[in-house]
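Quick notes on the structure that follows.
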Amino acid sequence: MSVTNLLDDWAKFRHPHPVDDKPHDPYKWAMAIDLDACSGCNACSVACYAENNIPVVGKDKFLHGQSMHWMRIERYWDEDGRDFPDQGVQFLPMMCQQCEAAPCETVCPVAATNHTSDGLNSQIYNRCIGSRYCSANCPFKVRYFNWYDYPTTDDVWPAEMTQQLNPDVSVRGKGVMEKCTFCVQRLHEAKVVAKGEGRIVREGEVQTACQQVCPTNAISFGNLMDPDAKVHQQWQAQQVELDKDKQAKDENEGGSELRGYRILEELRPYPSVMYLERVRESAI
Amino acid sequence: MMDSGFDRRDFLKVLGWGGAAVALSGCGNTSVEDGKETVVSYSEPADYVIPSIGVYYNSTCAQCDAGCSINGRVREGRVLKLEGNPNSTVNRGKMCGLGQAGVQHHYNPDRVREPLLRTGNQGQTISWEDAYKLIAEKTQGVSGDQIAFLSGGVSGHLKVLLGNYLDSLSCKNHFVYEAIAPGVARAANKKSYGVAMPRFSINKAKVVLSFGADFLGSWVSPVHFSQQYAQFRKGVDGQRGVLVQVEPKMTLTGANADRWVAIRPGTEGVLALGIINALGTATGDIAAAVKAYDRDRVSEETGVPAGQIDKIAAMLKLHSPSLVLAGSAAEGYEHGSQNAAAINLLNHVLGNVGKTVEMTEDMPFPQMSPETGNTAALTSLNNGLAASKYKVLFNFAANPVFTASGAMNFKENMAKADFKVAFAHYLDETALQADLVLPLDSPLEDWGTQVPEYLATCAQINIQQPLMEKLHANTRGMGDILLSMLKQRQPDDYNGYEDYYGYLRSAVLSVKDALGGASVDDETFWNRTLSGGIIKFEGSVNKLSANASAAGLKLPSHSEAGGDYPLRLIPGVTASMRDGRHANQPWLQESPDPLTTIVWDSWVEIHPKKAAELSIAEGDIVEVTSKTGSIKAQAYLFPGIHPEAISVPLGRGHEAMGRYAKGYGVNPFQILDAVFDKETGELAMHETRVKISKTGQRVIVVKDEGAAGGQQMGKKIAVRVSSDDVDLSEEV
Amino acid sequence: MEKDIREDIAWAKINGDVLKSLENPRKLYWVIIALALAAFGVGVACEVYQYNTGMGVANLDNPHVWGLYIATFIFWIGMSHSGTLLSAILHLMHADWRKPIYRFAEAMTTFSLMTAGLFVLVHIGRLWQFYYSLPYPNERGIWPNFQSPLLWDAMAIFTYLSSSVIFLYVGMIPDLAICRDHLHPGWRKKLYTLLSLGWEGTDRQWRNFRVTYLTVACFLIPLAVSVHSIVASDFAMSQQPGWHVTSFAPYFVAGALYSGCAAIITLFIILRYVFKFEEYMTLPILKKTVRLTFAIAMVWTYLNAIEFASVWYGHDVASKDVLIQKMVGPYAYAWWGMIFCGSIVPLVLAFKRFQTNIPVLLVISLLLNLGMWLERWMIVSPTFSHGYYPWTWDHDQWPSWVQWGMVFGSFGWFTLLFMIFCKVFPSVSMYEVKEMVYHRSLHSKKGDTAEQGAH
Amino acid sequence: MHRIFHLSVFLIGLFSAATVYAADASQSAPMTPDSQWPLVEQPIEFPHNRHAKDMQIDCMYCHTYARRSAVAGIPPLQKCIGCHQSIESVRESPRIKTLFEYWEGSEDGKIAAKTPMPWKKVHDLPDFVRFNHERHIKRFIEQQNRPTQEVCGYCHGDVAELTVARRSKALSMGWCASCHEKEHPVTAAGGTPIGDQAYWYGFYKSEADAAGGDLKAHGPNDCWQCHK
Amino acid sequence: MSQRHILALFSNFDEAEAVISELRSANIDGFNFDDLTLKSPIEHHEVEEVLGDRSARVQWFTLGGALMGGLLGFWLISGAQANFFAQMKGGKPIVPLPPNFILTYEMFILGGVYISILGFLICAGLPAKRSPLYSTTVSEDQIGILVKAEESAIAKIKSVFLSHEALEIQEEAGK
């Protein structure tokens, strides 16, 4: 009855997002990554491989830039032209930012990637036809395409290794796009439990693989709508608001003591991942 | 969730549901496919087993010796993923990438599946019975001191059994070898603190001055230190800790330092003394000893700007307690022990001993406390073999053929032993040299106990238990093997134990009271132990010796590197590759090196200035030549290294060990000169001097970093602020 | 001023000449067909390989996910516009010199659209699921995403293709009747009898024919414009630097007309030679076409210039970077090649002496097409290798032989279709040439009488 | 002439009809009439009718995992034996014989003891579809106290009339949707957001609060509910 | 009284024009001017004018088709977007107008073109059976005038044709 839908829900169907008058409720999954704690050890990335059945593509394909790591650790040097990077380097864990207004969603011809009710950017493998438009339009370039049929490629999952595959996550065949899902399979499991008990998921009941493994607790993840959630408190402390493209921090240049920022915010994708600036001692 | 531990084996025997074949077919067909697939139900499931719902078991990570407790997710009888065990004081529910890859160690397609006996160049399958018989024969004729047993670090009941077995052979030659181990540090610590491995409380320190201790990457207990580091950054009472890293080649820790100080290789001790001097708080013989090290001389010798030295001293003076760490970078020299001593002295002078350098509780069961490995052991074994002292050689959990310095010709010497037994997971370089290869269970299939060398808080014994049934019918646990061999020799002592599991159980229960189980009955205690995965108990604590003297402390004045071999070779120890025993785990091969983002290959780190001098560009295949030998690898221009040094990462360059390891990269162990630390006899890893030359070939470096080469191009991506501009106390 | 066409050609001769082109092909014709088939074969082989192995063999990567396929797709779409230009726009402007050449131009429209369609298919990662993108009620209860410019593309192209096929056909009915009447019995005759729908040129038929032709023409023009501006929006609607450009729509349309005209010149020359159409495809007409092309070339150049200028003076650093990269980065040679072929070469056309010099024109028209193809490539690739996110900037993505193979194959496919068309259907509109001749003769008669009056 | 005119009218009619039809999404989720899918060959012809109808055994007595996990589970061999070793009456019937062969092992030793039966999957969704039994049972049986057989029957058909189970529902996406888009009563007392539809929640909240949280809403519709 | 067809062929339009106007003015009984059909190789205004206002109505089909296409297009698309599986995309409303207008526009054109072609076939009476008298020269260079008239009138008409030097005259066989 879509036409009838249309007629009686017109206003609702015409409602843009994100906006403050229709807040996410009861769930909005979000993340905060403290770059000052992150040591760039790569544990998150490996954990992601383990949890999400990510294929190991091997040297040649990696050379061709066809790697599949959903979570990549970026390493940036200082650009001050000194002989030695004597303030260390900058690490940045980068994965799908689960944008509220995701550029990838609108362009998919078959609606294989959408914004879910709990504020995630869903990627539906079996719907994907591989036009790769989403990746083309992703400012962060965090979408990874199955250039080959990895399940049937030698040495990707040889005999015994198939047994390690996580049954909760589809193994992707050739020609589909994939990306970080905030471990949706874990979220879903937690929700089922909570629903059964007629409540919503509590803080600490669900962790993403990267968050769970992170040795320095740099990654915190949770329900932004839940006042008890660490991530909620962090976002609040940093005065970063989901549906703003200019935060308190940007308003007063330099003056603020806040560290929270979102990458490429000026493009208004409203990312769900807040980063906390890396701090460096000035006295030494 | 936790398993009651009851009927574990029976449980593990049940069949899987669906199986991975299903998972593999991925998102292919879109039709509902009836009647094609078989569903295999459990025949007799334990009632806590529900299809599609994960069961979690606690065990211990065996990827390195840090002794992190893990929590394995098992579904339908298959272990899927490892998480950290929140109750562990070592890793508090966290893990590292290396640990995550543990499942790939278990599921690795290249594992040895049958006992193999060498006939000519072939390995020919034989039964375990024959294998045991053979060993019995070979060990029969020979006297105890003609037998040598080489192993990696061992602890817990395995160590006990091993000891007993060697005794039964009346063999004293147990060589415990770790290719990369803080051997020098242990000795130095023993001298200056009275204990080999004190407890370093990074989280209590306000300033950490680390001389090349890569405690975030690969040093001693990285996961534990990483967590302390996180607290240290958040700061005690809101004052953020400051990390200063002094080293010639930037490590992961150096990359995270507030100030990374590039120092001329080998002069760390000098700098330490220089700082003591600059502090000016030292008294007595220390003051005398450091008098000569005024800032200008130190600066001149170490290449560290004088201003920098003052700043560091000032910082240390201002913030107390601080912590000074001596890492491998400072110790890999002929005078390594001296360096370490000098650096430890700094801790004394700063009064950190007792505050951030603390005494650990000692293990009430010495027979179980870890036998830590070092490189000196290999040297003596090698000499023995060279003199063909040994007829029978056992090898377990070590790969000396790969990790021994090329100058030792270990491979040739090893051949001099008549009968060589290797207990191995893979046909690695050493196993290939053996006459008899006995396949081991993976740590996820095997029982065991482990005692970490570095004890985070109290004394503890880690339990290792099978997370699933054996993948391959014909592999055995090391414990079971030792037990059966002991049964041959002392039947009446050991026939009582059905298997290693039985042995373990009774052994643990026999000391139950000491382990804090006095109140409960055996069954409960055992189940509690298994589900907990850790036994913690109070050990006795005695004070650190405050032996702070500069007696006998003398550092060689820096000798200009020059002549034929102008550069120093720094063998890079990376968090994921370490000494290369896990190089065959594809996740590790493909996870980019944090600093260079290179995958699947080795590289030569060289400072851009030096490179420009030698007109070397990224991707040039360069030949690195030492007195001992030479290797060819791709050059990577790396600002984080001292211009007088180059660095090649260890761990890659296998010639065996299966599809994921063989033929990727080069092995710098081969070109290390046989130079040793004067006091401990440890191999001085950083003493090798090399020359470097272009071969003319060039390749594209396979790395994650894009063409922009780690520049942000003016975009606001990874942002950094100076500590003045933030207020951490406000934060969550 | 020489005439576009001889006014005293007997109408019977017109029929004769054109019908001749339908019969017993020359050897050269077969040669061309063979070459085309071979080229197409290469393309097919590549696609089969890619289909079985995965898109990876095209040597695309993350994030450089699009390559020559999309570029060539735009190229072919662009090519199609010339047909509409000649048959519809010039028709409304009563430029009757178009009459001898518009038929094949229209055919070109149709076939280049068909070729473009192929690239949509080979570009898709899961070709076997292509039907997901079609809006039809299905047992899944879901629909494609109507917000996606790619879907707009699909619908626009479908509309365009079907409309121009119809247009081509309707315009051809009277000629089909001619063929029906004047060809010896055989399968052709049957075919024409069927297709000509019993056209007899009665006043009623002609009257409605005129109106229909006019209205459809009126629809085709905005359609053609919309099609290429939608193709432009594939890029302009995205957020990427170097794509998110306001002037893309007109820029693309201009580029389309440009490449179209260039292609017309090429085919004009080839047909003229292969089918001996010297009488109808006369040099004066060629000259007019060339001048038209020159004009469009200048428009295109101008649009190019303002795009660069607006980026250059704008504050969008990212897109400026991309522009600079195009000029000096790994793609520089292609980019400068495009500037040369697209903006410098056409200047030659400004010289009278070249405007009718067949060999020169052949070369130039090919160069122009090359330039236009490079333009499309330069729109697609640099943005990928130099997007917003520096970490993923990749080393130059040189397309693998698979991509090149398919690009090559597409030309074979196009030629094949086109050549077959020319043999089966009259590639010169007979009845319209007649009209042209008739009206011109009338005109000149009036001229003569006027002169006599003067004496 | 007239012929053609009629034709054209007809065509236009058809075109518009098709469009309307298409525009109406509920049409596009066809409720395929229950039909018998081909019979699946099983190791023994298990008489569901005997157990479910004659004996009135609750489905979840055997398919015991259904209420606790995503999969309903084939009953473990143990379970069958548990009852049947004490039912002498049918002990010698061929099917039960085979059953015991799997438990005790066959004489010819072809079948080892305690070998699970190689049942064939009957309702086997594609591998990228994840149907959660637990949720549906909680919703309909526990929250709304509908009879078990009816609820299971929504997807599995009237098993009580069958011997070996046989598929009788379409199990296509549209078919699932045809039920999900129905307005089911939502007991918001349980705090369940309206059909797990956070985006709509903002709109429905007022109504929900007005209705004391007791109102109707359709089931979850976001793709990640079933595809992951 | 039975009717018969007669076809005359002329070499140029002036003649044809003359014939038509003559036939029109000389109202011969048994001959209705509307039964006269002109057949020409090319379309020709002047002659058609002489035939008087025989108008074309294709444009009405076009209008109808275009409107229908547009409306149905918009309806289809918005309806489909608002179906049960309505999913948020990129922060845009679920029924976003700009894209829908673009597609509506395409559908508008599609409907317009298709239906006007339909209209053309209807109005031009195509596909048509062959008329009783036809000469292939018409599709070459001659103008044909086909007349249907009573026996009685045939002779008169013929004379008119002849008076204007018809190249050829075909007659239906009499009954």
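Per-chain numbering from 1; labels A, B, C, D and E assigned in written order.
Just so we're on the same page, a residue touches a chain if its C-beta (ideal position, glycine included) is under 8 Å from a C-beta of that chain, and two chains touch if they have at least 3 such contacts.
Source: prediction; values computed, not measured.
Asks: Spelling it out: a chain qualifies if it touches chain C and also touches chain D; which chains qualify?
Replies: Both-contact set = A, B, E.
Asks: So, comparing each chain's Cα centre against the centre of all protein Cα atoms, which one is closest?
Replies: Answer by centroid distance: A.
Asks: If we define chain centres by averaging CA atoms, which chain lands farthest from chain E? Would you check?
Replies: B
Asks: Using the touch rule from the top, work out which pair, A-E or A-C, shares more C-beta pairs.
Replies: If we tally the C-beta pairs in contact for A-E and A-C, the bigger total goes to A-C.
Asks: Using mean Cα positions as chain centres, tell me which chain lies farthest from chain C.
Replies: B
Asks: Taking each chain's centre as the mean position of its Cα atoms, how many Å separate chain B from chain E?
Replies: 91
Asks: Per the centroid of Cα atoms for each chain, what is the distance between chain B and chain D, given in Å?
Replies: Result: the chain centres lie 52 Å from each other.
Asks: Quick one: chain A and chain D, Cα centre-to-centre, how many Å?
Replies: The computed centroid separation for chain A versus chain D comes out at 33 Å.
Asks: Which whole number of Å gives the spacing of the CA centres of chain B and chain C?
Replies: 66
Asks: If you look at chain E, which of its residues touch at least two other chains?
Replies: Each of 75-76, 79-90, 92, 119, 121, 125 in chain E touches at least two other chains.
Asks: What are the residue numbers in chain D that touch two or more other chains?
Replies: Within chain D, the residues that touch at least two other chains are 22-26, 28-29, 126-128, 172, 177, 199, 222-223.
Asks: Hunt down the residues of chain C that sit against at least two other chains at once, touch-wise.
Replies: Those would be 135, 141-143, 145, 147, 151, 388-389, 391-392, 394-395.
Asks: Which pairs of chains touch one another in this structure?
Replies: Going through each pair of chains, those in contact are A-B, A-C, A-D, A-E, B-C, B-D, C-D, C-E, D-E.
Asks: Per the contact definition, I'd like the list of chain D residues that touch chain C in the complex.
Replies: Chain D reaches chain C through residues 21-22, 25, 27-30, 170, 172-175, 177-178.
Asks: Write out the stretch or stretches of chain A touching chain C in their complex.
Replies: Where chain A meets chain C, its residues are 61, 64-67, 72, 74, 94, 103, 106-111, 127-133, 135-141, 143-149, 174-177, 264, 267.
Asks: Along chain B, where are the residues that touch chain D in the complex?
Replies: Touch residues, chain B against chain D: 15, 17, 22-23, 25-45, 50-53.
Asks: Under the definition above, what is the set of chain B residues touching chain A in their complex?
Replies: Result: residues 16, 18-28, 30, 52, 75-76, 78-84, 91, 93-97, 99-101, 103-104, 107-109, 216-217, 222-223, 226-227, 229-230, 233-234, 240, 242, 244-245, 250, 252-262, 311-312, 315, 471, 575-576, 586-592, 594-595, 597, 599-601, 607, 609, 639-640, 659-660, 664, 700, 702, 704-705, 709-712, 715-728, 730-732 of chain B touch chain A.
Asks: Applying the document's contact rule, which stretches of chain B touch chain C when the two form their complex?
Replies: Contact set of chain B toward chain C: 700, 705-708, 710-715, 717.
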